[in-house]
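In what follows, a structure is listed as structure tokens, so that the remarks can point back to it.
Chains here go by letter, A, B, C, D and E, matching the order in which they are written, and residues are numbered from 1 within each.
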């Protein structure tokens, strides 16, 4: 028997998710009796909302969205850490800025105030003893690195994958501060409603196992994945870039111990506390309530 | 009669609120908060002045953008309506200016007009000039031919024919374009603010999305709705001052 | 004459390309890629069929959305133009439907209409019905009073007066509304795809942003521009089939 | 309701103490009585602005009197019935239809158009000497041609009651007299009652069974026609006719002949 | 250029072999010659659709002849000059202006309006018996009232050459004759040349120094008026005038008197 499951994705079907897109060729989920579909979304909040409306069973979303939803009274279950590594960073070409502390008083570009770049920048600043009021934020939207290149900002908040094309486009000698070096809050989770968890626990377990397999596959076959992405991912035109991006995600998928998908309750709790301190969520959360660790 | 309409309109509003309440009960607060919650947040935000600066920012961008876009729209509409030649020359580029989503060009706007209000104003103007342009051009092209002959007889210059005949005769159509432009200017200001603004209702929507504060977002949406109705109402009031609405009233008997 | 206009239009295009090239040299590839690079990508993408499915998706959404929105716009325009009473009842809600940014309601659209084409079609329809509504309502309200009297004399029913008088007499204004609607429908389909789509030119824009592939994005923008011009041109062709454009031709001498 | 038969005549139209005021109160029709028996032609004359067009519209049901009542065949009138035809002072044609389609419009609004209708429309165009323009667009017609299209349109439904507001004002004498003859023939043959506004005394004298002079919103005088013995065409050349014309001129206050 | 003086007369207007065709080629004016000396009134008569309005528009420079030339005071005409006035067959008023402003429109397009202009406009409205409507909107006027506003508008610039296309068609006899008198007075006093299209034989006989009959796009006949000895007002009652009228009727092909 096959059961269908739907993922609400935080983005369109992009290169870094080639392991999910390779289903046609490799059938990781089909093997587990799962008929998988994916809903595209525009941001982690959208993903979560699309899951909450019942359009999807599982949300592929970022901790910020999960914390917010929990703080707003939703009862969710974190099943899995897709990327244990925080992929956000702050990039500058200003030699004066040697550490996050030097960002004080600078202009920093973010994607928008509803994006991970904003939230993670705040985390980085917080860990460096700064706050939002110590810097000048500029919502630069899709412009990404261009204001940095144009000199309109002193630094810009981004992700590791965004940096790839930027460096190719001639972003020279950047100074990069990784958020993970300050506080390594994971990048993305698989989250479900508690009711879904209770209803479909076994199926979800199968799903997680299948997902791990797919990740394993991508780690082992980055070249094949990069090739496949050309066809399958909407942004996969250039296999070389694909390859770099896939490498980055493969790295992000492993925790310090080189394990895939390990859920680390402590760092998730620390993240929630930090988000509360930063005013990103309105109340303190006891995260252990919302985590169900799926073991093999 | 008008009272009955207002009543029915109100009733419909109540009905929609009811639907809203019912739908809200079905889904999470994060997707659709309840009316009462939203209005509470709205009311608080109004009382403590939280919304004030945002509303002001948006209104200023919108008004300046509308004035610029309106002026440009009428001007280009006149040019295109007057000269089939220039119409053939320009219309492709005008259509292109509309077909390309402003959001995609955001970095260029920011580069050219800065991150302040100016880029929002330009985007607003760019979005709202098109319906006025089309309305004006159409109005100018479809003038009564007897009246045109009269003006030719009187040796009227092109400008005079425009000013004393085509524009007044086309006023109903132009006002109709204005009605669309005014509503689009609100959309324009918002789109401009989505791209990167610290203040304004659009910025507030983005911020509320980041915090997943759907209640706040809906409060902002209600403010937008009210703003839209006020702008639209202003055009209606303006229209009532114009000759042709009086004319129509006269004729009915 | 028409040839000269086309030539001038082309010249203007060349001039704009020149400006583009100059500006592109000033700034990073990431903000504004050079025309040649963009056209190379565009040409390749067209040849290897990369754009095809995206174009098709957008065009299908756009056409169905336009048909739905156009129908709705004319219908509501008629209702509102015919009955000042219903106008008073509805117009607030119509304005609200336009003032609220569709992007903010994305999850609701996804909930109600699914994440497939339907939600994009609905958004397209919702965005493009408004100018047609306003144009139709305005056209219907400003009919020659002598002709109205004639129809009263002939004992014409409301529908007959509408069908045989108000609509044909208002056609120039309605077509003008259609012209705006057609362009807005492109914007609508794009906005619909921005909120989350697997295919379509809007989805491609979002994707290209993620990749920071500005060149690809500009290629898509050019496709959009061409699509917009084709749609607009189709309306012009349609208009040339209508009586009043022939009429005007007759009168000129 | 008992009033619609008077002295053995069946009244096609009756105005009872009809008063009317425009919104701006600059002009008023005051308590006008009039009776038009079936099959008769009545002509109204009067100075420009005296209220003829207004009264005609009231009689047709296009306007409703502020006071008083209008009856058609004994039935009170509140809106135009299907049995009337009306030629407006201005032609008011639809420029997106051909001349023929303009003429057929009243039929089109009532029922499917038959070949008979088209034939009849063509007959009317023939009579009105505009058949060659059947496929033209009205905006390419001369003033007099337009006014004749409007006349054909008023006749197409074979009304029993016809209102004509200076229908021949834009026509040359020959056409005008020919059409007067046609109208009279039609009146005799089909027993169509007509209410005819004109400024042309000869026209009124030729057509009318009864003449009314309207002056500042009131009927200042009315006059029955003498009975004519000759055939219509020749009537205009008789001394009796000429004297009648002078009579009418006097009613209107014209001093010379 | 040497043609504009003929037999000692100064020609206000001259048509030289003027031909014209509408685009659809259904109608053509063929090689029309006409001369209107300064200060004279010429009347054109002719059947409906014979081309009078078209010829008038050609003469005024509103249309350009397919062949032939039009001269005003010896200068070739390609567009309307500022010295002419034109009363169209249809009144064509602007409904967003008051009657007074409609009358003043031609001045407004030329220069600042002075109190003198307003006074003169009021005088014209007085003469045309519509001064009480000065502040009204044209759509609330009767047919005849509208046509008189158009006449006032044509006169406001004190043209030296006036074209009138059936200007009095919508007026009652009294007003009509009064305005005929006024027009003649104006013509004598200001030496305004006039080209006047009418269907009314008496009107043509009364006003014209010369009469032209237009028939199917050609001048079929023309006739100089007898010279009148009496004052204008009484002229209409003389036997000579009546005979002249009958003469014109014959030119038009009307059989009876």
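Rule of thumb we're sticking to: a contact is a pair of C-beta atoms (placed from the backbone, for glycine too) under 8 Å apart; a residue touches a chain by one contact, two chains touch by 3 or more.
Labels paired with UniProt names: B, C = ABC transporter permease; D, E = ABC transporter ATP-binding protein.
These figures come from a predicted structure and were not determined experimentally.
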Counting only C-beta pairs in contact, which pair of chains has the most of them? B-C
By CA centroid distance, what chain is farthest from chain D? A
I'd like the Å distance between the centres of chain C (ABC transporter permease) and chain D, where a centre is the mean of that chain's Cα atoms. 51
Mean-CA-position distance for chain E and chain A (Å): 86
Touching two or more other chains in chain D are residues 22, 24, 90, 139-140
At least two partner chains per residue is the criterion; list those residues in chain C (ABC transporter permease). 27, 30-31, 107, 111, 145, 194, 209, 244, 250-251
Chain A: which residues touch two or more other chains? 49, 53, 142-143, 146, 150
For the complex, give me every residue of chain A touching chain C (ABC transporter permease). 11-14, 39-42, 46, 49-50, 53-55, 142-146, 149-150, 162, 165-166, 169-170, 234-235, 237, 241
Under the touch definition given earlier, write down the residues of chain D that touch chain E in their complex. 22, 24, 26, 45-49, 53, 89-90, 136, 140-145, 148, 165-166, 169-177, 199, 201, 234, 236-237, 249, 252-254, 256-257
For chain D, which residues are in contact with chain C (ABC transporter permease) within the complex? 57, 60, 62, 79-82, 84, 86, 88, 90, 92, 94-96, 105-106, 108-110, 137, 139-140
In their complex, what parts of chain C (ABC transporter permease) are in touch with chain D? 144, 146-147, 149-157, 160, 164-165, 168-169, 171, 243-244, 247, 250-251
Hey, which residues of chain B (ABC transporter permease) end up touching chain C (ABC transporter permease) in the complex? 1-2, 4-6, 8-9, 12-13, 16, 27, 31-32, 84-93, 95-96, 98-101, 103-105, 107-108, 111, 130-131, 134-135, 137-138, 141-142, 145, 172-173, 175-176, 179-180, 183-184, 186-187, 190-191, 194, 202, 205, 209, 217, 221, 224-225, 227-229, 232, 244, 248, 251
